[in-house]
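Here come two complexes built around chain A, the first alongside chain B, the second alongside chain C.
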Partner chain A sequence: MASGAVLPRLLGSGVRAAPRGRAAPRGRTLGSAAAAAAPEPERDSDFSARILSEPLKHSDFFNVKELFSVRSLFNARVHLGHKAGCRHRFMEPYIFGSRLGQDIIDLEQTATHLQLALNFTAHVAYRGGIILFVSRARQFSHLIENTARSCGEYAHTRYFKGGLLTNAPLLLGPQVRLPDLIIFLHTLNNVFEPHVAVRDAAKMNIPTVGIVDTNCNPCLITYPVPGNDDSPPAVQLFCRLFQTAVTRAKEKRRQLEALYRLQGAPGPHPANPASPGVQAGLGLGVAP
Partner chain B sequence: MAAPCMSCGAAASYRLFLAGRVSFAREQGLWKAAASGLQTGTRCQILRLKHSPGVTKKNVAALRRESYTVDFIKKQIEEFNIGKRHLANMMGEDPETFTQEDVDRAITYLFPSGLFEKRARPIMKHPEEIFPKQRAIQWGDDGRPFHFLFYTGKQSYYSLMHEAYGKVLHVEERQDQLRAKGLFSEKPKTKDPIGSRWLIKEELEEMLVEKLSDQDYAQFTRLLERLSALPCDAAEEEFVGRFRRTVTIQSKKHLIEPLQYDEQGMAFSTGQGKRKTANAEAVVYGHGSGKIEINGVDYLLYFPVTQDREQLMFPFHFLDRLGKHDVTCTVSGGGRSSQAGAIRLAVARALCSFITEDEVEWMRQAGLLTTDPRVRERKKPGQEGARRKFTWKKR
Partner chain C sequence: MAGSRLETVGSVFTRTRDLIRAGVLKEKPLWFDIYNAFPPLRDPVFRRPRLRYGKAKSPTQDIFYREDQIRAKFYSAYGSGPKAFDLFNPNFKSTCERFVEKYIELQKLGETDEEKLFVEAGKALLAEGVILRRLEKARTQQEGSQVSRKSEPMGVESQTALEENPPLKEVPQPQDLEAPGEESKGLSPP
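Showing the complex of A and B:
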């Protein structure tokens, strides 16, 4: 399977997004001298280290695999690409074939990539990272902004000003914190050119997740997800998936914090390692 | 320092005042130090006033755009309120019921100023009106911004557009539901187009505390027009109403006198008119045969020229009441043409009492009720007349 060759590279990069300790300045603060972190009490550092390291011990801590299936992607028309003439050269590995001149995206690969992307998004949200949803399609602007607002993250579906990421201290404020993850629901802008934020995020070392259609360039995107970005059901499905992943991760974080606070100092382990994902019945009093 | 927060129109003067005080204190300190030096018996030094670099730095800082902290503004508001009470006591009035108008009157009384520039005169207003509104810090302790559209740069404007578009979608959805049930009825929009206008760009910028471009403003207006064109309910009307301002309708300003009745029971009405230096007062009677008497003389004899008589005729002709009213008027000053114009205006104003409001509005739009503002332009030195220059000679 082509995914076998693709996966090691991506997994490597995914794992190498190692947890940054709380000692360093939060996220990507620009234009600020690194403030010396105050020495935290022993208990607190134990706490935070355990909370942050716990999800990394499992391959799918947030159980994002159950959120979708190849059948659900097919029903949402995610496999439909553009005509063969619009095809981008670097999308050829992800294309299953072409029917009557229309490219069909390989949903097996999409599923793998989507699982990686959702997992990464969930981890970023778990660690309190800032997630920015970017798109330039006017048709879905309202939907994406609502999605971002409902999961407590940020959206930018408007005209992208030139130095927003690269010249942020000037445009947004002196001590602004940049996004920790940028999710592109549409990689192209209204003139079918790559969105400026793709390049700028790469410049600023911000990881990106992007839904790449058959006419998009997947090169600079950290976690590309080949899929249809023009049909409303497809975009609605993706919005729903990202929203669920982010909310699940935040909920999990709240639960674990409460759990550890109740248990106190001694090292806890997750109550049920077999299904670490959020079950509806996972209450607070499950501690042994 | 005087308790009331008084500033001459701009906050920069406050800073300069403060800077002056600081430098004064510094000089005092130097003087004390030098005096102690003398007393200890060291050799006499000429006391030189040191111009410390701190003073210049403060002035340079004042030139940059000042950003006021929340505490500073709160302190200013407290000082203002205390100052208002002091002022009320000074003027011998009750501090509890001392309004802003009383404050303004007191300040003009205590600090009379002959300056022409109104903004340079002493004022005492609430700090909200003096210090420009500013953005507080947009993010919390963890660095996460509060608003979900923070990274767009114009969060208030785009959130407004988002809200308005959401309302449009909601209304259209409701319409679709009604149509599906078959209850949809085309109701014409019954809204008065005159009487209110959209916010202008500067007002919108002030409301959102953000800079906008012309395209942004055009998009905003277009979206709100689209929303107002749809059948909205009360909540949406209220939302749109936030961005409309009433426009005073000119004709409403004109007070229409009620009809008066003389001893015979005949209805009459008076009006006054001016044109250049001519003043006229006309009395128009309700029933008559179209006789016009000016200064006791018949109009045909007073105005031999047809043009002047046409001017007198114009208001009646406009309202189709040519032979129905009698007019008695007095006029003085000016020449033949300006007297005719003055009587025309006086007659038109008097006629307002006899006709409907719509006809008054038509007369106003025809220009019959407006005083002609043109007066004789003065002659200037170095020229032969008001505009005519002396003959130009090449050599």
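Showing the complex of A and C:
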């Protein structure tokens, strides 16, 4: 079955990415990068610390603000919520009002929340974190799987087996690296109950980003984004935004590492034309 | 690896921070520094959803505009306009929308009488080539409840009182003035 095949194959690759002092490079590019990047201890740790700490000093290092606007959210129908009877009590602060019984989500708040969420996603991707896209809406499962594949991350849009996160060593094999961020395109499952992964991610101390509609519970989600999760234009917009954020962050990381390689090492590893070239080539190949 | 699975106790961040401080969790997780630098607007702490009891109502407001009164009169007089709604076009203007624009223009010019404004706006649209056909029986919410009332056996009087109250509350002010008039018109014929 798809879920059984996808997870061990992809999460299993985390085993090869041996965590060093800093987050390991992506599983896919591991072949060349690991071979080329044999660390020179002091300079390496100094530069790696700089690479990791520098982005945190800027409020919007990856410039995610320019990816969307309130107008573009409106055009994608992100502001449309469910009927007033379906409203969840904890979504009330995010609702602008109710027009003839249909809840309208406050897009100003959505914009701020979305900016925080995209920024967090980008930083996690920058540090080589594993991102898992989760959704149980069958209408969008193909779109979400393609989104995940195109940005080199993972998706789980099938039946979520109990214990997948909480009992991972048993179900997925020993020494599996769990996701560092879980993105929910739909927080509810097919019977309109909160997806099990929301609670399980909180249990396993994994931060979550989630699109919460007016009938969802935003409490346990670390970075909720109030918005419509039922209209195709809205879900397509969100997929595009997350994909762009992740791709940008990874590209930035490749650039900074290449820069360091060109600047840094005159000694045993002269600016090796092969590795930055290979990395740049891979970057150009993977980036949309 | 150590961890705390108490999702109802604090947020993911507070639990991890305390585990690190206690020395139980040796390695800082990847997301820790990022969360520290860019915390969310609200701490993701678990809260139990409680039901609202008695007269407590949710603070969400209804969204109504001044133009809604004009729209209500238009729809009760003419039904939905002659042109079908094209929802694919984001800049689509329905007949009702054009009527409302004309109405407001005339209102800005200084007219105050609502009946007159209504008629003038209708004439202005006619001048532009839009033909509005009045409905045979002017349709209102009160009418709707009356029809259902007549079809029920006359003995059920308590239900009619209940039916009357909700439409009266929802319908905006000018409709209230029209409604008693409509009621007497409706009752007299048969």
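The rule is short, and it goes like this: the second predicted complex is superposed on the first by the 225 of 288 C-alpha atoms of A that agree within 3 Å, B and C clash if a C-alpha of one lies under 4 Å from a C-alpha of the other, contacts with A are read in each partner's own complex, and residues count from 1 in each chain.
Note that a contact is a pair of C-beta atoms (placed from the backbone, for glycine too) under 8 Å apart; a residue touches a chain by one contact, two chains touch by 3 or more.
Worth saying up front: this structure is predicted, and the values here are computed from it rather than measured.
Trainee: Should chain B and chain C be called a clash or a fit once both complexes are overlaid on chain A?
Mentor: These partners fit in the superposed model.
Trainee: Is A:Ala84 in contact with chain B, with chain C, with both, or with neither (first, second, both, neither)?
Mentor: second
Trainee: In the superposed arrangement, does A:Arg158 touch chain B (first), chain C (second), both or neither?
Mentor: It touches chain B, and chain C stays clear.
Trainee: Would you sort A:Arg253 into first (chain B), second (chain C), both or neither based on which partner it touches?
Mentor: Neither partner.
Trainee: Taking the superposition on A as described, I'd like to know which of chain B and chain C A:Ile221 touches: first, second, both or neither.
Mentor: The second partner, chain C, only.
Trainee: Is A:His186 in contact with chain B, with chain C, with both, or with neither (first, second, both, neither)?
Mentor: neither
Trainee: One more residue to check, A:Arg136. First (chain B), second (chain C), both or neither?
Mentor: neither
Trainee: Once the structures are superposed on A, label A:His195 by its partner contacts, choosing first (chain B), second (chain C), both or neither.
Mentor: It touches nothing on chain B or chain C.
Trainee: In the overlay, work out which of chain B or chain C sits against more residues of chain A.
Mentor: C
Trainee: Is A:Val176 in contact with chain B, with chain C, with both, or with neither (first, second, both, neither)?
Mentor: Only chain B is touched by A:Val176; chain C is not.
Trainee: Just to be sure I read the superposition right, which of the two partners does A:Arg149 touch: chain B = first, chain C = second, or both, or neither?
Mentor: Only chain B is touched by A:Arg149; chain C is not.
Trainee: On the overlay, how many Å separate the closest CA atoms of chain B and chain C?
Mentor: 13
Trainee: Where on chain A do the contacts from chain B and from chain C line up?
Mentor: 128
Trainee: Which positions of chain A touch chain B when the two form their complex?
Mentor: 26-27, 29, 128, 130, 132, 142, 145, 148-149, 152-156, 158, 161, 164, 171-173, 175-177, 179
Trainee: In the complex, go through chain A and note every residue touching chain C.
Mentor: Chain A residues touching chain C: 23, 52-53, 56, 75, 84, 87-90, 92, 95-99, 103-104, 112-113, 116, 119-120, 123-124, 127-129, 166, 180-181, 199, 202-208, 217, 219-224.
Trainee: Going by the contact rule at the top, pick out the chain B residues touching chain A in the complex.
Mentor: Listed in rising order, the residues are 137-139, 142-145, 148-154, 158, 162, 165-166, 169.
Trainee: Which chain C residues qualify as touching chain A in the complex?
Mentor: Residue list for chain C touching chain A: 3-7, 11-13, 15-16, 29-31, 33-35, 37-38, 40-41, 44-47, 49-50, 52, 58-63, 90.
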